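Take this structure, written in C-alpha cells, and hold onto it; I'll ask about it next.
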Amino acid sequence: MDTSFNLWILLMPFVGALVGLTYMGIGRRIIARVQHRYGPPIFQNIVDVLKLYSKKTAITHGVMFHLAPTLAITGTISTLMFLPILTGPHGIYLFSFKGDLILLMYIMVFGCLAMALGAGQSGNPNSAIGVSRGLSQMVGYEAPFVIAMVTLMVQFNTTSVHDIIKAQDSFVHWNMFQSPFAFIAALFAFLGFMGNKPFDVVIAPAEIASGPPSEFGGKYLALMQTNRGMFAFVKLVLYVDLFMGGAANFVSLLAKTFFFYLIPLFVGIVNPRFRTEQAITFFWKWPTVIGLLGFLMVIL
Amino acid sequence: MKEDWGKEAGNIIARWARKHSLWVLAYGTGCGAIEIPPTMTSRYDAERFGITGMATPRQADVLLITGYLAVKTLKRVIRTYEQMQSPKYVMGFGSCTINGGMYWDSYNTIKRLDDYLPVDIFINGCMPRPEGVIDGFIELQKLIDSGQANGWKKYQDNLEWYRTNQKKVIKNWKMPDYNW
Amino acid sequence: METIPLILLILFGSALLSYVIGKINFVLKVGVALAGILVSGYYFLQLYGQAQSYTFRLLGFDIIWRINPLSWFFGMLIFGLGILVAIFSTSYMKNKERVDFYCFALCMTIASMFGIVVSGDLLSFFFFWEIMTWASFLMVIYYRYEAQAAGIKYFVMSMIGAYSMLIAILMVYAQLGTFSFDALASGWSDFSVSFQIALFVLFAIGFGVKAAVMPLHTWAPDAYGMSPAPFSALFSGVLSKMGIYGFALLMFVFGAGKLAGSVTTIHGVALPSYILAWFGALTALIATLIAVMQDDAKKLLAYSSVGQLGYIILGFSLNSSMGTTAALFHAVNHTIFKGMLFLSIGAVFYRTGTRKLSEMGGLISNMPYTFFVVLLGIITMAGIPPLSGFVGKWLIYEALLEKQMVLLAVVAFMASTAAFLYCYRLIFTIFLGQRPPRFDDVKEVPWTQRAPMLLLSLLTIYLGFYPYGLLNLIGQAESTVMGLVPMNLSQSILFNDLGHVSTIAVMNTVGTVFVIVFVLFNTLYKRSRKVGLKDIHTSGEVPGPEINLHYATDFYQPFSRSIRYVLERSADRLYGQFANNLEGFFDVLRYVYTGNAQTYALFVIMFLAMLLMFTNWLI
Amino acid sequence: MSDTLQKEEQIKASINAAFRSAKVSIQRKGRIIVEFRGGILPAFASYLKEYLNFKHLSMISGVDWPEDNQFELVYHLWSYEQSIHVMVKVRLDREAAKTKTLTPLWEHAETYEREIHEMLGVEFEGHPNMRDFILEDWDDLPPMRRDFMTREYVDEVYEWRKGREDAQDVRQTIAEQYNTEVPNFNNEDK
Amino acid sequence: MSAILQEKETTLYLGPQHPGITGNMMIELKVTGDTIRKATTHVGYLHRGFEKLMEERLWMQCFPIVCRICVPEPDPNEENLARAIEELEGREVPERAKYIRVMMLELSRMATYLLWMGGQSGSAGLYTMPQWTVGDRDYIIDLFEELTGGRVYHMYIWPGGVRRDLPEGFEGRVRKVLDYLEQRLTDYDRLLFENAIFLRRAQGVGILDKDMAMEWGVVGPPLRGCGIAHDVRKDEPYEVYDQLDWEVITHEGSDVYSRAMVRRKEFEQSISIVRQVLDKMPSGPVHNPGPNPLKWRVPAGEAYVKTESARGEFGYYVVSDGSLKPRRVHVRGPAYVHGVSLLERMLVGANIADTSFIMNSLGTCPPEIER
C-alpha cells in the first residue's frame, strides 16, 4: 500500500499529462474526420510537447513570466493530488482524504491565476485582453457550475468527494441520472471549462492572435502544453467522480473520461465562437435556470 | 562516455520530435498565401505530417515566405523571424523568393531571399502546387533529421553580413537590436 | 494603575501631545505618536488571557471598561494593524503638510477604537463610537477641498448610524434603566418581540453604516479613497471591523441571536437575521461587481472591502458556531489583506503619484517587494489555497452548507469568483504589462514602508499553513463571551460534519510540487534571454515610444456590458433621486429652521417627546 | 445609334450649359469624357454629383505625360440611375502639380489622392490625412512618373542571382515562333 | 521621468502577421476596453508596382501580370484587360469565346465565394467550414487546371477570345461539379448560414448605412447587402450576361449577415448561370487572332472597362499611346474602398472580436489595393 501510494503520487502527473495529451490527439483526429481529412497521428500532441521541450532558446519577460508555467503546473498537480482518481479496493486516492470539493474548486484556480499573471507580465495587449475575456467568461460559467456543485453538496449533505462517490454506488444512482438538472447545468459549465468552441474567447486566434500564451515559446510553452493536457485530465476526472460515480479501474476511468471529453469536442466542431458578453449571458440564461430547477428538485 | 550516450539519445528524440511537429507561422507574405489554405485543408491535409498553423512567432518553428517580399514586408518578416525561437526554419516559397520571379524588375520587391534570411529550403514554381509545398516540407523533415537544417545557426554566426544586406534595402532601420 | 485606563490615557495623551509638540519638528511629532501607539500596544499585549474590568461613575452613570477574549481579539486587530500603519506612516507622511493633524487623528482613532472594544456599557460605547467617527472624519477631509464631498457623505451616513444607535440605546435605557451590557444581555429575553426586532434593526443600521453594508455603503468608497493611504488601510482593515464588533455584540452578547426562539425561522435562523444574511450576501456580490468596474485603485479596494465585510456579516447572521468562527476568521483575514493592499497601493501612490489603474503599468521590475505583497494579498483576497484567505472562505461555505442555505451559498460563491476579476485587474494594471515611459525611474519604497507590508504577508502565509492557533483564540472568545461551542481543532485540521481540509497538507503539497518543478525546470535549461518590455509580438510592427501597448482602460468591458443592469441601479443614484424629491420638502422646512436657538431647542424637545412616545408605542 | 445616346447627349448639353471650360465628348454608349480646363474642380464635381446624380466616385487615375510636361488626373464618376460613366480629366503642370482635394465631396477620395500623391507627387490642397499610403520611407522619385526607371533602380538597390541578369529567354522563344528577331525593348522605343 | 506622452488608448496591431487578417495588411486599432475607438489601415505590404511594370511590358506580357493583381480571383482582371484592349482595337470576340468567358468568370466567382465562406466562418472560429469549402473549391480549381493548365493563375482570357477551346467532355465534368456543389450547399447552410451562434454574431454587426454605401462607392455584395440592386452585369452588361436569365440579388439588413446571405444566394445563382451557359453555348472558334504580339501596337486611346467580380466592380482604366506597351493601366479593385477608408470608418465603435469578421464580410483583398 505504502509503496504503491508513493509510486502513484510520483506517476500520476505523468499519467495525467499523457492521457490528456492523447485525448487531445484523438480529438484532433476526430475533428479531422468530420472535416473530411485524415488528421494527425494520435500522439501528435505528445510529439509537439517533446518538440517544445527540445527548443534551444526561450525568451522571458521577467520573473512572473518565468514562474508562471511552473506555478500553473504546480496548481494542476496539486489539484490532481487532492482528487480521487480511482476508487474501490485498488483505488488511487493520493491525498484526496485531506481535502474536499470546496478545496478542489478553489485550488483549480491557482494555476489559472498563475497563467494569467505570467500572461500579464508578457506585456502583450493581446494577452491581457485574453485574460480579461477568460476571467469574465469564468464568472459566466461559474454560475451554473456553482449551482450544480452546491446542489450536489446539499443533496448528499457532504462536501467530501468520497462521500459523493460512495453515494453513487450503482449505475442507476449516478448523479447523471439522479440529479439530471444539476448534471446538465454542470455540463454547460464544462463546455466553458474546457474552453472549446463556442467558448474559446480566451485564445480566439482570429481576434487576439493566441491570447494569453502569445508570448510564451520554447520551454515555457512546453510546460504550458503539458499543463493543458494534465488540467484537461483533472477536469475530466473531477466530472467523472461527481457525476459517474468515479471509476474502479483504469479501463472504466478512460472510458468515462473519454465520454466527457467528447461532449465539448462535438459541440466545438460545428459551432463558431461567441463574443465574450454573449458567452456570459448565455451561461446566465438557460444553464442557470436549469441549475435552479435542479435546486428545486433537491429542496422539495 | 555515458554522458555522450545520453546526449546522443536526447538528440535523436529531439530531432525526431522536431521533424514531426512543424508549426508554421500564419503569415501570408505574398500571393503564394492562396495555396496555403488548400495545403492545410481537407484535400491535401498537411496536418497529417504534424504541420499546423501557429498564430504568433514565439510559438512557430517554420517561417514560410509565401512569395515575393515587398521591402515594407521584409522589415516585418525580419522582425518576426528574430522573434521566433530556435531551432527555426525558413522556407522560400515560389520563384520570386529565388530570383525575383515575375517581379524581377519591380522597384519594391527583393530579388533574393537568402541575402536577408537564412533559407533552409526553396520550393520553386509560380506558384508551387500544394503537392509541391508538402514535398518541400518532407524535404525539410529530411534535412532536420540529418541535422542540416541549421539556417538559424548560420544567421547567428553571420549576423553582420545579413544585417548589412538588410540595412541596404530597408532605409529606415528603426528596429531594436537583438542578441541571441 | 489599571491597564485599560492606562492604555487609553497613553493613546489620547500622545494624540494631544503630538499635536502640541508637533509644531516643533517632524521627527518629534511622529515619534511621540509612534511611541504612544507602541507603548500602548505593549501594555495591551500584557492583557492577553486576563479578564480585567474597571468601573467608575460618571455623571451618575456606571461606566464599565472591561477586557474579555472577544475584546482582546478585536484589540489585537487594532494594535496589530495600528502599529504597522504608524510605522508605514513615518516615511509616507514625510514632507507632507499637516502631519501633526494626521498624527493626532491617527492616535485618536486608535484610542477610540480601543475604547469601543473595552466598553462594557452602551454609554461609553457610544461615546467612543462618536470620537472614532469624528477622528476618522478629520482624516477623510485631510485633503481639504477635493475630499469635501466624500467627507460630507461620510458625515451624513455616520450621523444616520449614530442616531439610529442612539435611539436604540435610549430605548434600552428607557426599559432597563441601565446602560450595562450584562443587564441588556440578561434583560433581552424579557422584551416584547416587536421591541426586540426594533432594537435589532436600529442597532443593525448603526453598526451597518460602519461596516458599510449595502445600501448603507455609499460613504465607504469615497471616504476610503480620499483619506491618506495608510489611514485607508486602518479605515478598511480595522475601523470597519468596529461595525463587525458591533454585530458580534448584537448577535451574541446583547442576545439578538435569541430572537430565533420567538420569531419565524428559516433554516433555523431568525427572520431578521436571515434578512441580514441576505443583505450580507448581496453586499458581497454587488459590491464585488461594482469593484470590478473601478478605475481608481483605492475605490476598487474600498468596494472590495465592502464586499468582504458582507461575507463577515453573512457569517455572523447565521447565528451558529461555524458561521461566527468564519466571520471572525475572515475579519482577521480581511484586516491582513486589506492592510497589505491599501498599504501597497499607498506605496505605489507614494512613488508614482497616481491611483488611476489605467495610468500605471509594468512596475514589477521597479517595485518587486510591493508586487510580491500585492500578489499574496490578492491570492488571499481571492481565497485561493494555500494562503489564509481560503480558510476563511471554506469556513463560510461550510457554515452555509451546514444550514442548507443553498441560494446564499451560491451567491457567496459567485461573489468570490467575481472577486478574481478585480484581484487580477489590480495586480495587472499596476505591476504587469507595459510600463509608461514616465515611470521608468520609479524606485522601490523605503524599508519603513516595505517592512509592515512584508510582515503582513508573512502572516497570511503562516495563517494559511497553520490557522489553528487563531481559530483557538476565536474559540475562546466564542465559548467565554458569546456562548457558542467552538469548532473542534484537536487534529489540526479544518473539520466539520460535512467535510474537512488539512491546510498543512495543502501547503505541503503545493510547496513541494513547486520546489520540485522549479528546481527541475531551472537546472535542465539554460537561463532564458531577458527581452525588453516592448519586445513583444506586435504582428511584426515596431511600435514607437508614444504607442501605448498597456491594456488597462475599461479592462472588463465585455463583463460590464453583461452586468450593466446591476450597475445602472446604484444606491448612490437612488439616494440622489431621493434627495431631489426631498428638495421641495426642504424648501418648506426652511421656514421651520429659522436659525433661532430657541426654536431649535423647541424642536429638540419635540423630537425627544416623539421618541418617547414612539418607544412607548413599541412596547 | 443616335437615339441610344440620348441620355449622354442630354448630359453633354447640361454640362456645356453650366460650365464653359468643360469640353465634353461622348466616347461610346455609357462613356463620357470631360476635359476640364481651368475653373474650380470641386465646384464642377459637386455639380456632377448633386445635379447630374453622379454619386459614385469609382476612382481617380493619374497619368503622366512628360511630353506635355503635364500630369493628367482622371476622375471616374458613375451614375447608378443612368448607368453612365464620366471621366473628368484635369491637366496639371508637372513642375508644380497642385490641385484641390475632393474629400469634402467623397470621403473615400482620400485614399485615391493619397496614392496619387505618393505615386506621382501631386499635391492635394486641404487633404486631411496625407500620410504614407503604400510605400514606406521612399526617398526616390515618385515611382509612377515616367522618368523613374525601375530597371535602373533595381540594378542599383538589389542583388541579382547569377543567370537572371538578361531575362530575355522567353522573348527569344516567342520571336522564334513568329519568325522575327528579338526587338529592342528599351524605353525609348515608341 | 521621460517626456514622452502616451496615448490613453491601447494600440493593437491587427496584422500584417496575424491570423485574423486576410492577406497581408495591417489595421492599427486604438481600443479602450474591447471597443475600437479608432482604426487606421496600413497597406502596401504587397506592393509590387504592377502598374509600373506594365509600362515596361509588351501588351501581351501584361496578362501574366494582371492576373496576379487579385490572387483569390484572377479571372476578372484578365477579362478586364482583354476587354479594354478589344475596345481600343475594335476587335470582335467570337460568340463561343464569350460564353466560355462567362463560364470562367462565374466559376471563379464560385471559387472565391467558397474561399470567402471559409474566411468568414474562420474569423468567427468555425474551422470546419473552411476545411469543407476550401476542399470543395479544389474541384473548381481542378476544372481550371484542366482547362488552362494553371491552378490559380490562368492567363486564359486574352484579347480576341480565350486561349484554347474546352477539352473533350469538359462540360460534363463541369456539370458534375455543379451538382456536387449544389448538394453541398445544404451542408453549408446547416453548418454556417443557419447556425444560431453565427446568426447572433452576424446580425446587427457591421452596419453599413444605405446612403453611406451609395456615397462611398461601395460595390458588390456589400452594396447589395444594403438592399440596393446594382450589379455591373446588369447595369452595363458585358459578354453574354444580357442573354442569360438571372436577377440581381439583394438582401435587406446592411449587416454582416445580409452580406453573407447575398453571397450565399449569388453562389446558387452562379451555378444556374453556368448551367445556362453550358446549355446555350454555341460552337465555333474561340479566338480571333491578332497581330504578332512582339510587334503588337494597340491604337492610341483610352478605355474604362468594368467587370463584376466576387467582391464587386473591378475597373480598369487603360491608356494607350499607340506604342508596343501600355501607357497607363490603372486598376480599381473593389477592396480599394472597402478595405481602406470604409473599413476604417466601420470599425469605429465595433468590438475587437468583430474586426476580422467585418473585414471578411466586406471582402477585403489587399493585393488589389496596392497592386
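As written, the chains take the letters A, B, C, D and E, and residue 1 is the first residue of each chain.
In this text, contacts are C-beta pairs under 8 Å (C-beta built on N, C-alpha and C of every residue); 3 or more make two chains touch, one makes a residue touch a chain.
Keep in mind it's a predicted model, so treat the numbers as computed, not measured.
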item: Common touching chains of chain D and chain C; value: B, E
item: Identity of the most central chain, Cα criterion; value: A
item: Maximum centroid distance from chain D, chain identifier (CA atoms); value: C
item: Contact pairs, highest-scoring chain pair; value: A-C
item: Chain whose Cα centroid lies at the greatest distance from that of chain E; value: C
item: Interchain centroid distance [CA atoms averaged], chain A/chain B, Å; value: 35
item: Between chain B and chain D, centroid-to-centroid distance (C-alpha), Å; value: 39
item: Interchain centroid distance [CA atoms averaged], chain B/chain E, Å; value: 29
item: Averaged-CA centre spacing for the pair chain D and chain A, given as whole angstrom; value: 60
item: Multi-partner residues of chain D (at least 2 other chains); value: 135-136, 143, 148, 150-151
item: Contacts with 2+ other chains: residues of chain A; value: 35-37, 57-59, 125-126, 129, 132-133, 205, 209, 214-215, 218, 275-276
item: Of all residues in chain C, the ones touching two or more other chains; value: 529, 534-535, 537-541, 549-552, 555-556, 558
item: Pairs of chains found to touch, sorted by chain label; value: A-B, A-C, A-E, B-C, B-D, B-E, C-E, D-E
item: For the chain B and chain D complex, residues of the former touching the latter; value: 71-72, 75, 98-100, 104-108, 110-112, 115, 165, 168-172
item: In the complex, chain A residues that touch chain C; value: 57-64, 66-67, 69-71, 73-75, 77-78, 81-82, 95, 98-103, 106-107, 109-110, 113, 116-117, 120-126, 128-129, 131-133, 135-136, 138-140, 142-143, 146-147, 149-151, 153-154, 157-160, 163, 209, 214-215, 218-220, 223, 275-277, 280-281, 284, 295, 298-299
item: Residues of chain B defined as touching chain C within the complex; value: 27, 56-58, 75-77, 79-80, 83, 174-176, 178-180
item: Contact set on chain C toward chain E in their complex; value: 358, 436-441, 538-541, 543, 545-558, 560
item: Touching residues (chain side chain B, partner chain A) in the complex; value: 10, 13-14, 16-18, 20-21, 23, 41-43, 45, 47-50, 52, 54-56, 58-59, 61, 84-87, 180
